[in-house]
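Next come two complexes built around chain A: one with chain B, the other with chain C.
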Partner chain A sequence: MTSLPMPNSAWKGRSRHAGILTLLSLLSVVAVIASLGVGASAISPGTVLRTLLHTADASPRDAAIVLHLRLPRTLLGFGLGAALAVSGAVMQGLFRNPLADPGLIGVSAGGAMAAVAVIVLGVPALLAGTVGLLALPLAAFAGSLCTTLAIQRIASDDGRTDVSTLLLAGIAINAIAGAVTGFLIFGSDDRQLRDITFWSMGSLGGATWTTVLGLAPFALGAVFAAGRWAGVLDALLLGEREAGLLGFDVEPAKRRIVIATAAAVGAGVAAAGVIGFVGLVVPHLVRLMAGAGHRLLLPASALLGGTLMLCADMLARTVVIPAELPIGLVTALLGGPFFLWLLIRQRRSFPP
Partner chain B sequence: MIEAEGVSLRRGGRFVVDGVSVAVRPGTLTAVLGPNGAGKSSLVRLLSGEASPDFGKVALDGRDLKRWNRHDLARRRAVLSQSVSLTFPLSVAEVVMLGRAPHRARSTRVEDMAAAEASLKAADVWHLAGRAYPTLSGGERQRVQFARVLAQLEDGGQSGTRYLILDEPTSSLDIRHQARLLGLAGGLARKGWGVLAVLHDANLAAIHADTVVLLRDGRVLASGDPWSVMTPDSLTATFDHPVLVSHRDDLDRPLITPAAGTAG
Partner chain C sequence: MMKPVILLAALLLLAPQVSAQTFPQTTGRIVSVGGAVTEIVAKLGLGDRLVAVDSTSLHPPEMRALPQVGYMRALSAEGVAALHPDLVLLSDNAGPPAAIEQMRGLGIPLKLIPDRPTPDGVADKIRAVGAALGRQGEAETMSRETTDRLAAVSRVVEKAAGRPRVLFLMGLGGGAPVAAGRNTAADAMIRLAGGINAIDGYDGYKPASGEAILDAAPDVLLLPTEAVDAAGGRDAVLALPQFAGTPAASSGRLVVMDTLYLLGFGPRLPDAVADLARSLHPELAQDLANDAAPRPGGLL
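Let's look at the complex of A and B:
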């Protein structure tokens, strides 16, 4: 700490930052261990740890469940939660709008539309083997990226992106993607309809090491890239003009941020379907705890997003044993009312 | 010196700035006066390098603004915009620390905090340092943003003249803080900084400015020291409204009084 006389807690100390990150890291570890143990077949935390550390005495059955079923699912859930929360935090900063969310600019809807098209048009059946298995994730990813690029193109004029046009274009794209998805559902048979429904509500049920490896580069890439953009994101809170006057090259930064976020969210949609509210609620929670500065907001959102996603997945897995709920239902059911409460609270403390 | 030579800026098919030559000189506080839509804010954008002129050129210390590295430029000139809103609850201290962004690569956090503290005190907002920016009043926000631009230019060992551009810095301030802010800006000018302020209050310009520029329809009508520029004729022509000028005995400066409003 410094010796300067500071009024109130004007300068949020580094030690406070470290404390919050330590606390969230501990919570993450607890959530990971719990997530490996909880399920139709309960496994004690001790057995989970022994299995992870390769000490002998866990039963082969427990070891198989932990390492081959629950570990990929847990890693996918944590990575997805972290990627969605960081993407949400970044978008909110970029658009200076606490309601901004990757879903809002059409990234999720575009991905969903492409994936539904693949299911209904039966592309996986046409392509044999690994390529067939990857068709759905690849389509969702491609759909997300194309949507984002299209929206960027519509909203950008002469190298400058107008944020309100971007958001409005997102609304239009969401409507179009929703309508196209609806039409495709009319043309689907019962089995396809079940696939579509389950997938569009989001689920970590399809987690394998392949899906984990598919998401990992995008999730890690987005989280670490976002950390490097903390400075420009902070400046952007003052507005694009002020950020430019402070010496930041705003337009290229915005482009890179939007594309990285689209890639992360697209990869997430591909791996687990549409899971809402994580990107919206987690950054809000962190801001309540730790303020709006991005140097802390981004890593804290990643940790809390991963933790909450695992909690939601544990609920989804245990509420209706032996079946499981789509995780998107859980996040929407918990996240929706919470978000409404935040809105009301915010309107009271900072009237517009 | 920031020097604009015959600059023009075209927006929406017409010239909002039309062949203007002005200079922001070190050691001088220049005030720009003009009616609404005269092109004052556009002139600010040209002088700060945010907009490139369609004709003419703007140079800072002899080098065209287009050829400045953006970080170097941000350490040399700062702009106080008309209003800056924040949706997220950054604290006042954090907002002022954002002004240190162009220095981050070369200064330590302790130096940055010291610069922010000095700026907060100079702008008379030190007591607000822990408050959330969105909870402040309009005038308090304006003073916090002033502190931020001061922090941006604060730089112990570095050489080179600093330039401060203020776009209606007193629009939300009470009388005491109007006088205080422009007094401080004048003090910085005497320290060697170049200061340009767009003002709406002709009397504030008359009291604090060393040079006054009258702008109308994107053109300079007159420029020079307050006594030579602020004549009844030139002010009446600038504002399209009868203006009386008398003598302030206390300060030996012009005292400007608009005539009573004319109906219809």
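Let's look at the complex of A and C:
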């Protein structure tokens, strides 16, 4: 999976890159438009368009659904999908491991631990008045960041981060965070337990302009910063020492990659709960069609991640109208079998 | 795409849409969320106005045929909006809070119904639903009848010779069965029916080990219908190794009840308490039939 960039990819060159990115951009635009037009309420595409362009003669209710529910939800979904997929691609490059995903550095487990703590223990009365509904996302974000920083700290010595220690520390901290979450669940009542279950399956249903604006800086930051790391990530595929010999300043890059990923995925966990599989699968899908070079992999993953997240969300909110499925179920249920099919097909055409 | 500032301004302009609409008495479309709330709506004779309910609204049985807005803690704002409800009755246990905020933002008329698992809570629930639907009179009668009948059942239960120890288990599937501790609806029901909760060491529903169950020494096992069916019937349950050595297993005292009926704290509460009391105190069956039966001609 993480094979080196094909030697022939150089001459296939920029036009192929541009072609793939154009195709994915078009798909993204289609997904965004569809996501604004689809939902439990039947609102005609024309009405949606007029509402968006503010030539509104739509009923206030339809306008509110489009502007108040669907638009923030669509932006959140696209941003989150892009952030998760880019983070996954970056993690797989950093760890040189096709199974890496952002969960490996404790982001999801730490966020879940903090979110479950808020659900079970509640918010201190002193804070409840000021933070209100934001208590859970804020705690989840803080939990994600703190957990990742702890793992990063453990794996660093003299400013050098050892990637294999990072991985092992991540596994241990994940286990600890999981156990603390388990303890909290044990102390929860029936209703809290249900809340925890649904939160941990993810949903874009809580999207508001506040959550969108909260996620945006971290998601955009990670996506654009990742673009600057394409070179060092390509070099890291050869090995850390080799990357250093090629002139890359590997240590600060590693540190920044881990922190930016934690911030982006942490903000995503805060906004929508745990949505698995996008970070793992999307980069693999891109590699299958476009090879492993990060200059194409990163932007393509962002576009495809956002597109697939929106597709999954459209299914999640339309298959059981007027109810809604947790989106994590959809991403895993569709992504898993599709990924297996790709794997099997690829093994048949290139036997090991 | 527009600038977020313009969008935010647009949203602020849309916010005052939340107006004090009154519920149309004869034509209103109702969405009801919460098993007990739905039962009360149906009992007030407005069941035919319900256009959708949540997945905990299982009684009366025809409610199961209505469109489902999902589990009461996982509602979808657009899903509910799409039903064009004139009124959404929400148990105050409903959620998630973000979805309820979104519904408010869309101007959907919401009424939160206090939903507490106590006898007074049932009376409050009935009054709140009645007030939301403009049926204060009927609701007042119904809530008074419920309270009176509960009092009658309690008077009979007080005459009971002893207080059996009752163990309520949520289910039996795999591993330690989940048992009701203090401060649960099951605990309240056991008390009302003249029993003692065999588990008094913890709050809430938690897995209980075989030893803890033996230690609790229940005289009676109380289980939901689904759990007993899934385990293969009464005899299979009583023969389970977890219960071997408990007084309940040796005397074969297993009470099976529908979960919503037993734990729903809806308008059927007096019947549920009377049924459970009859199972716990067979000697009171006659008194319960005479003193605590529904009065003919009454609403209940």
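As a convention for this text, the second predicted complex is superposed on the first by the 314 of 352 C-alpha atoms of A that agree within 3 Å, B and C clash if a C-alpha of one lies under 4 Å from a C-alpha of the other, contacts with A are read in each partner's own complex, and residues count from 1 in each chain.
Here is the rule we go by: contacts are C-beta pairs under 8 Å (C-beta built on N, C-alpha and C of every residue); 3 or more make two chains touch, one makes a residue touch a chain.
The structure displayed is predicted, hence computed values, not measured ones.
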Request  = In the overlay, answer first, second, both or neither for which of chain B and chain C A:A179 touches.
outcome  = neither
Message = Looking at A:G291, would you say it contacts chain B, chain C, both, or neither? Reply first, second, both or neither.
response = first
Message = With both complexes superposed on chain A, which partner does A:L213 reach: first (chain B), second (chain C), both or neither?
response = second
Task = Please indicate which partner A:G205 is in contact with in the superposed arrangement: first for chain B, second for chain C, both, or neither.
result = second
Query = Touch check for A:A42: first (chain B), second (chain C), both, or neither?
reply = second
Message = Based on the A-chain superposition described above, do chain B and chain C contact any of the same residues on chain A, and if so which?
response = none
Query = Given the complex with chain C, which residues does chain A contribute to the contact?
reply = 39-42, 52, 54, 60-61, 63-65, 67-71, 133, 186-191, 194-195, 198, 203, 205-206, 208-209, 213, 317, 320-324, 326
Request  = Over in the complex, which chain B residues touch chain A? Could you list them?
outcome  = 48, 50, 70-71, 73-75, 78-79, 81, 84-95, 98-99, 101-102, 104, 110, 113-114, 117, 126-127, 129-131, 134-135, 152
Inquiry  = Looking at the complex, which residues from chain A come into contact with chain B?
reply    = 2, 4, 6-12, 92-93, 96-98, 231, 234-235, 237-239, 241-242, 244-249, 287, 291-293, 349-350
Inquiry  = Can you tell me which positions in chain C touch chain A when the two form their complex?
reply    = 2, 4, 6-8, 10-11, 14, 17, 52, 55, 67-71, 73-83, 93, 95-99, 101-102, 105-107, 184, 203-206
